[in-house]
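Presented sequentially are two complexes of subunit A, the first with subunit B as partner and the second with subunit C.
Our next item is the complex of A and B:
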C-alpha cells in the first residue's frame, strides 16, 4: 500500500521527465547531438557543477558553523540570532540578486552569484543541523569525554557523526537548488545551465534547444545524487541513550563571544539587510506605486492560497514516500527517492511547460486551475517534504508500531494512532518549508496559474519588467514578510529556541 | 513531547491563513453569461491592463488576460496547440508572432483590419498585425559622451574608441531582431563580422534593456543599444520627463541597421477566427483613440498613420529607417547560431 502510494507520488514528480523524453525524442538524434556535443555544453556543465560545489561548501561552513554557535555555545542573544540565521530562507534569490546588482553596479559572474546563493540558501543547512544539534543526545558526548577524548576529538568523533545525516541532507538540497536556480544566475549573469536554458527559450522562441539542455541537466543531477550517496554513511541511525530530552552541553566562548555575534549579525546584514536597504532605496527613488492596497492584499491572499494548496498536495504525496524511506530503506525506496529528486533540480520554467503539456494532453479539466499549479509545486518540491517526513519518522522508534501491531491493531489504526502522531513534527516542518518555497516560486507559477490570478511573486515580476521598481517594492517586502512566518515556525521547531531548562 | 503541540499551533495558523485567503478569493466567480475572450499577453500587465480594462468598460466584453514573458508565452501557445484557451495573442515582438504563425496557429485577419496598418508593420500572410512600433537607438550619457563624438553608424561601435563602453543585451529579442536585420540588409558575413568585432571590443553584457538604460543614466556606462521607449518608462518611474534624464537617445541615420523599427502586435488564434469579440479587440487596439493612448502611456509609436507619436522623440515617418522587411525577421535560427557562436551568450 505504502509502496503503491509512493509510486503515485513519484509518478507526479516524473511528469517533467516524461515530457523531456517525449520532446527530446521528437527533436531527432541529429539535433540532440548537435546541441549536446559541443564545447559550450561541456564548459556549462563544468561551471554549473563548480558553482554547485562552491555554494554547497559555503553553505556547509556557514550553516554548520552558525548552527553550532547558536545551539552549542553561550553566545549572547542566541535565540534572536538563531531566528535571524534562518530568515534568509524567506528571501527569493531573484530579490536578493536584484538588491545586490542595484547596489553594486556591474556585479556579475561566478563569484558574486555564488555569494548571493550562499547567503540565500545556507538556512537549508542551518535549520536541519541546528535541529539535530539540539536534539542529539548529550550522553554520548559525555561518555566520549569521560573516556579521555578531548573536546575537539569528541566533536569530530561523536558530534559530527550525530549530525551527519542532517548535514548531508541540507547540503544536497543546496546543491540541487543551485542547479535549478534562475534568479541569481540570470540577474548576476553567471553562465550556468539554467541560465543557458532560459536564454535558449528567449533566443528565437525555440523550445527544443532548451529542452535538450534540460535533459542534460537531469544527467548532471544524477551526478550530484551519486556524489551524495557516496558520502552518506550507511544505515546511520542514532539511538538515544537517555530517555527524554536534555539541554545540550554548551561551550563557553569567553572573549570570542562578541566577534562571533558580530559575524552572525554581519551575515544577516549581507542577506537580509542588503535586501531591505535596496528595497527602501528603490521606494524612495521611484514614484510608481502599486495600484491600490486591495491589489496588494489580493495578491497576498492568492499567494497564501496557492502555496497552501501546493503544500497540502505535496505533503499528501510525500507522506507515504517519507514513511517508506524511513521504514523500508532499500534499493527500491532509494530509487523512488532519487527519481523525485531529478525534477527538483530542473528550472521552474521547464516544470511549468511539462505541466502545460500534461494539462493539455491528460488533465484538461484542471488546466489553468489551482490544482494543476499545485501539482506543479508537488513535482518541484516533493524532496523537501519527503526529507522532513522521513527525518521525523527515523527518529520515532519502529518498536512502538510493532508493539501496536502485535497487540492486534489494524494497520490503518496503527498509522492513525502511532505513526502519524510521531511524524507530525516532520509533517509540520515539511509543510512550512514547501509552503514558503511555493510562495517564492515564479516561472512555473507564471505559466500554470489560473488566468487572471496574480500573486505577490507575479506582481513583483510584472512591475520590475517595466522598471516600476518602487511599485514592486511593497510586493517584495510583503513576500519576504509572509515567507518569514513559516521560516520562523521552522526555526521554532528546530529546537534552537528551547529554554535552558527542559520539561 | 512538546512538538505535537507546536505542530498544532502550526496547523492552526495555517487554517487561519486559509480562512483569510478564502475571504480574499471570494467574489471572483461572477461567471454570468456575459461575453468573454481570453488574451495571452507577452506584454507587461502594467502597460496593457489599463487598455484592456478600458476595452471591457467600453464594449461590455470581458477579458481574461494571462500575462507572461513573451518567449514563455509563445512557448506555452506552441505547447497548447489547438487546445489553447487563448483567443488572442498580444506579443511584444514580431519574432514571437512569426514563431506562432509558423506553427499554423493563427487565423488570417480580415483585409479591412490589416489595411489599417502600413504594409511595413504587418505580416504579409495577414496572420498578425503590428499595434505599436519601437525604434532601436543608441542611448548615451550626456556627461560622458559629447554629441559630436557619437558614432555615425552602429557598426562603428566595434572601433577601438568604444572599447569597454557599449552596453548590449544579446539575449533580448530586440537585439536578435537587429542582428537578423543586419543579415537581411548586408548578408550573413557582415553580421558575423559585427558580432565578432563587438565581442572583441569588451562589450558590457547586461540582462535587459532596462538595466543598460539605468547604468547609462547613472553614468557607469557611456552608451548602450536599447529600444527607444525604455527612456519614457524610466522617466515615469523617476517622476520626471525624459528630457530631464542624463540618458539621451541617438537615432542612427542614413538607413543604418542600427535604426531598425520593430513592432509589438497581435494575432487571433484559429479557434477564434469567427469570434466577433476577438475581432473587436483587434479593431479597438488599432482605433485612433487607443493608438494615441499607446504614445502617451507606453511611449511607443502608433502604427496607424496620422496619429502623433511620443513627444520626446522624432516622429516615426521622420526616422531614417533601414530597408528591412519585418516579414524577413522570422529567419531566427541562423541569427541565433550567429549570436551563440559569437560568444556573447553562454
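Our next item is the complex of A and C:
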C-alpha cells in the first residue's frame, strides 16, 4: 500500500523527466549527438560541476562551522546568532545576486556567483547539522575522551560521524540547488548549464537544443547522487526511547569568543546585511516609483496562496515515500528516492516547459490553474519534503505502533493517535521548508502561473528586468520578510534555540 | 481468563529458521516463561502470538478460537492480546493516564478503570505525569497497567525487566506477578534471565535454535533438565561422567546415591548443583572426598566456593552465610539429595 502510493508520488514528480525523454528521443540520435558532443557542452559541464563543488565545499565549511559554535560552545548571544545564521534561507539567490551586482558594478563570472550562492545556501547545511549536533548523545563523546582521545580527535572520530547523515543530506541539497539555480547565475552572468539552457530557449524557435542540454544536466545530477550514495553508511535509524538524555557538552571558547562572534556577524552581514542595505538604498534613491500598495498586497496574497497549495500537494505526495524510507529501506525505496531527486535538480525552467506541454496535451482541465503550478512545485521540491518526513518518522518507532495495535486499535486509529502526533512536528518543519522554497521559486512560477496572476517573485523579476529597481524593492523586501517566518520556524525546530536545562 | 495453545508453529526468515515445530500450552490464569539465549526464536514466538508476524505453518488458538494458522491471520487489534515491550515503549506524547486509557473504549474511559489498574501496579496518583518524568521501573509499571487495562485475554511480556537494575528488578518481578494474579491474567514472559523465569513462572519452556527443548514446571526443569545444555543454562552445575553400579556411583566428589539408576553397570553423566555440595564429612559411612578451596565469593545470604577436586575437576559449592574456610585449605565434602543423571542413548 505504502509502496504503491510512493510509486504514484514519484510518478507524478517524474512527469517532467518523461517529457524530457520523449522530446529528446523525438529529436533523433544524430541531432542529440550533434548538440551534446561539443567543446562548449564539455566546458559547461565542467564549469557547472566545479561551481557545485566549490559552493558545496564552502557551504559545508560555513554551515558545519557555524552550527558547531552555535550549538556546542559558550559563545555570547548564541541564540540570536543561530537565528541570523538560518535567515539567509529567506533570501532568494536572485535577490541577493541583484543586491550585489547593483552595489558593485561589473561583478560577474564564476567566483562572484560562487560567493553569492554560498552566502544564500549555507543554511541548508547549518540547520540540519545544528539540529543533529543538539540531539547527539554526549555520552559517546565522553567515552572517546575517557579513552584518551583529545578534543579534536573526538570531534573528527565521534562527533562528525554522529552528524554525518545531516552533513551529507545538507551538502546534497546544496549541490543539487547549485546545479539547478537559474536566477543568481543569470544575473551574475556565470556560464552554467541552466543559463545556457535559458539562452538556447530564448534564442531559437526550436526547443530541442534546450531540452538536450537539460538531459545532460539530469546526467550530471545522477553523478552527484551516485557519489552521495557511495559514501553513505547505514546508521541507527530510530531514536533511542530511553529517557534522561543530557544536553550536549559545550566548549569554552575563552579569548577566542569575540573573534568567533565577529566572524559569524560578518557572514550574516555579507548575506543578509548586503541585501537589506541594497534594497533600502534602492527604495530611497531609485528613480522609478513603486506601484500602488494594493498591487504589492495582491502579489503577496497570491504568493502565500500558491505556496500553500504547493506545500500541501508536495507534503501529501511525500508522506508515503518518507514513511517508506524510514520503515522499509531497500533497493526499491532508494531507487524511488533517487528518481524524486532527479526532478529536483532540473531547472525550474525545464519543469515549467514540460508541465505546460503536459497541461496542454494531457491534463487540460488543470492547465492555467493553481494546481498545475502546485504540481510543478511538487516535482521540484518532493525530496525536501521526503527528507523531513522520513526524519520525522524516526520519532515514531514501529514498536509504539505495534503496542497500540495490541491494545485493540485499528491501523487507521493507530496512525491518527500515535504516528501522526509524534511525526507532526517534523512534518510541519518540512512543510515550512517547502512553503518557503515555493515562495522563492521563480522560473517555474513565471511559466505555470495562471495568466494575470502575479506573485512577489514574478513582480520582482519583471521590474528588475526593465531596471525598475525602486519599484522592485518593496516586492523583494516583502518576499524576504514573509520568507523569514517559516525560516524562523525551522530554526526553532532545529533545537538550537533550546534554553539550558539544569546543570 | 484464557487458554493459549500453540501447535507445530514454524516460521522462517529467508534461510534462517526462527521457529521449528513449537508446541506449547498455557492454561487459564497461569504465566509461562519462555527462556532461551539471544536469537533462540523466543521473541519471534511472541510476535507470532501477538500477530505482528505471520507464522509459515502451525496453529495458534486462544480459548479454542484459531487466531493464526498457515492460511488465516487475525490482525493484532482483534486478538485482545496486550504486550509489554522492552523498555516500556510508552507513547511519549501521552500522559500516564492517556497511556493507560489508550486501549479502553470511550465509555470505559469515564469509569474508574484507569485509577484501578494504576493502583494495581502501585502508581496511584501518577496519572498526570508524562513518561519522561518517570524512572525506568515506573515506566515498566505503566506499560503493564496499559496492557492490563482493557482486560486482555492474554498478556505478553517481552524481556520487560532487562533494562532495570538488579534491586529494582526483584521488587518489580514480585509486583508484576501479583498484578497478573490480581487481574487473573494469562501471560507469556519472554526472557533470557533464568532467575526471572524460575521465580515468576508457573511453567517454563526452554528454547534453543527455534525449538522448545523442555517444557514443564520450573522446579522440575531445574531439578531434572532434559539435557546437559539446559542444566548449565538454568544455573551452575557440575557435570561428571561416572559408572553406576547398583544404584550408586563412585566419583571424585565421593560416592553418590543415584536412586533412579537401572540395575547392573552403566556409564552415565551426573549433574550436581552447587547447593547439593556441602563442605565437611557427611553422615555416610563412605570415606569423604577431599577438595581444595580455590576462591570464595561472598554474596551476603550465601557464599559460593570454587573447589578443585583430587582429579583436577573444578566444581562449586554454595553454603549459607559467610564461610570460615580460607582460600588454600583442603576440606572434606559430601553430597546431599538425589542426583540427576543422563543415561547414554
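The working rule: the second predicted complex is superposed on the first by the 483 of 503 C-alpha atoms of A that agree within 3 Å, B and C clash if a C-alpha of one lies under 4 Å from a C-alpha of the other, contacts with A are read in each partner's own complex, and residues count from 1 in each chain.
To be clear about the criterion, contacts are C-beta pairs under 8 Å (C-beta built on N, C-alpha and C of every residue); 3 or more make two chains touch, one makes a residue touch a chain.
All of these numbers come straight from a predicted model, not from anything done at the bench.
Colleague: Which partner does A:492 reach: the first (subunit B), the second (subunit C), both, or neither?
Modeller: It touches subunit B, and subunit C stays clear.
Colleague: Counting residues of subunit A touched by each partner, does subunit B or subunit C come out ahead?
Modeller: Counting contacted residues of subunit A, the larger count belongs to B.
Colleague: Thinking of the overlay built on chain A, is A:176 touched by subunit B (first), by subunit C (second), by both, or by neither?
Modeller: In the superposed model, A:176 contacts neither subunit B nor subunit C.
Colleague: Just checking: does A:357 make contact with subunit B only, subunit C only, both, or neither of them? Give me first, second, both or neither.
Modeller: first
Colleague: Which partner chains sit in contact with A:44 here, subunit B, subunit C, both or neither? Use first/second/both/neither.
Modeller: First partner only, subunit B.
Colleague: So, A:195: does it touch subunit B (first), subunit C (second), both, or neither?
Modeller: Only subunit B is touched by A:195; subunit C is not.
Colleague: Identify the residues of subunit A that lie in both the subunit B contact region and the subunit C contact region.
Modeller: Dual-contact residues (subunit A): 421.
Colleague: So in the complex, which bits of subunit C are touching subunit A?
Modeller: Touch residues, subunit C against subunit A: 50-52, 75-83, 85, 87-89, 91-93, 102-103, 131-132, 134, 136, 139, 146-147, 150, 156, 163.
Colleague: Going by the contact rule set out above, which residues of subunit A touch subunit C in the complex?
Modeller: Going through subunit A, the ones touching subunit C are 241-244, 397, 399-400, 402-411, 414, 417-418, 421-422.
Colleague: Which residues of subunit A touch subunit B in their complex?
Modeller: Those residues of subunit A that touch subunit B are 40, 44, 101-102, 105-106, 108, 186-187, 189, 191-192, 195-196, 199, 201-207, 285-288, 297-298, 300-302, 304-305, 308, 349, 352-353, 356-357, 360, 364, 367-368, 421, 424-425, 427-428, 431-432, 435, 443, 446-447, 451-452, 454, 458, 462-463, 465-471, 485, 489, 492-493, 503.
Colleague: Can you list the residues on subunit B that touch subunit A in the complex?
Modeller: Subunit B reaches subunit A through residues 2-4, 6-7, 10-11, 13-14, 17-18, 20-25, 38, 44-47, 64-72, 74-76, 78-81, 83, 85, 95-96, 99, 171-173, 176, 204-207, 210-211, 213-215, 218, 220, 230, 233-234, 236-239, 332-333, 335-336, 339-340, 345-346.
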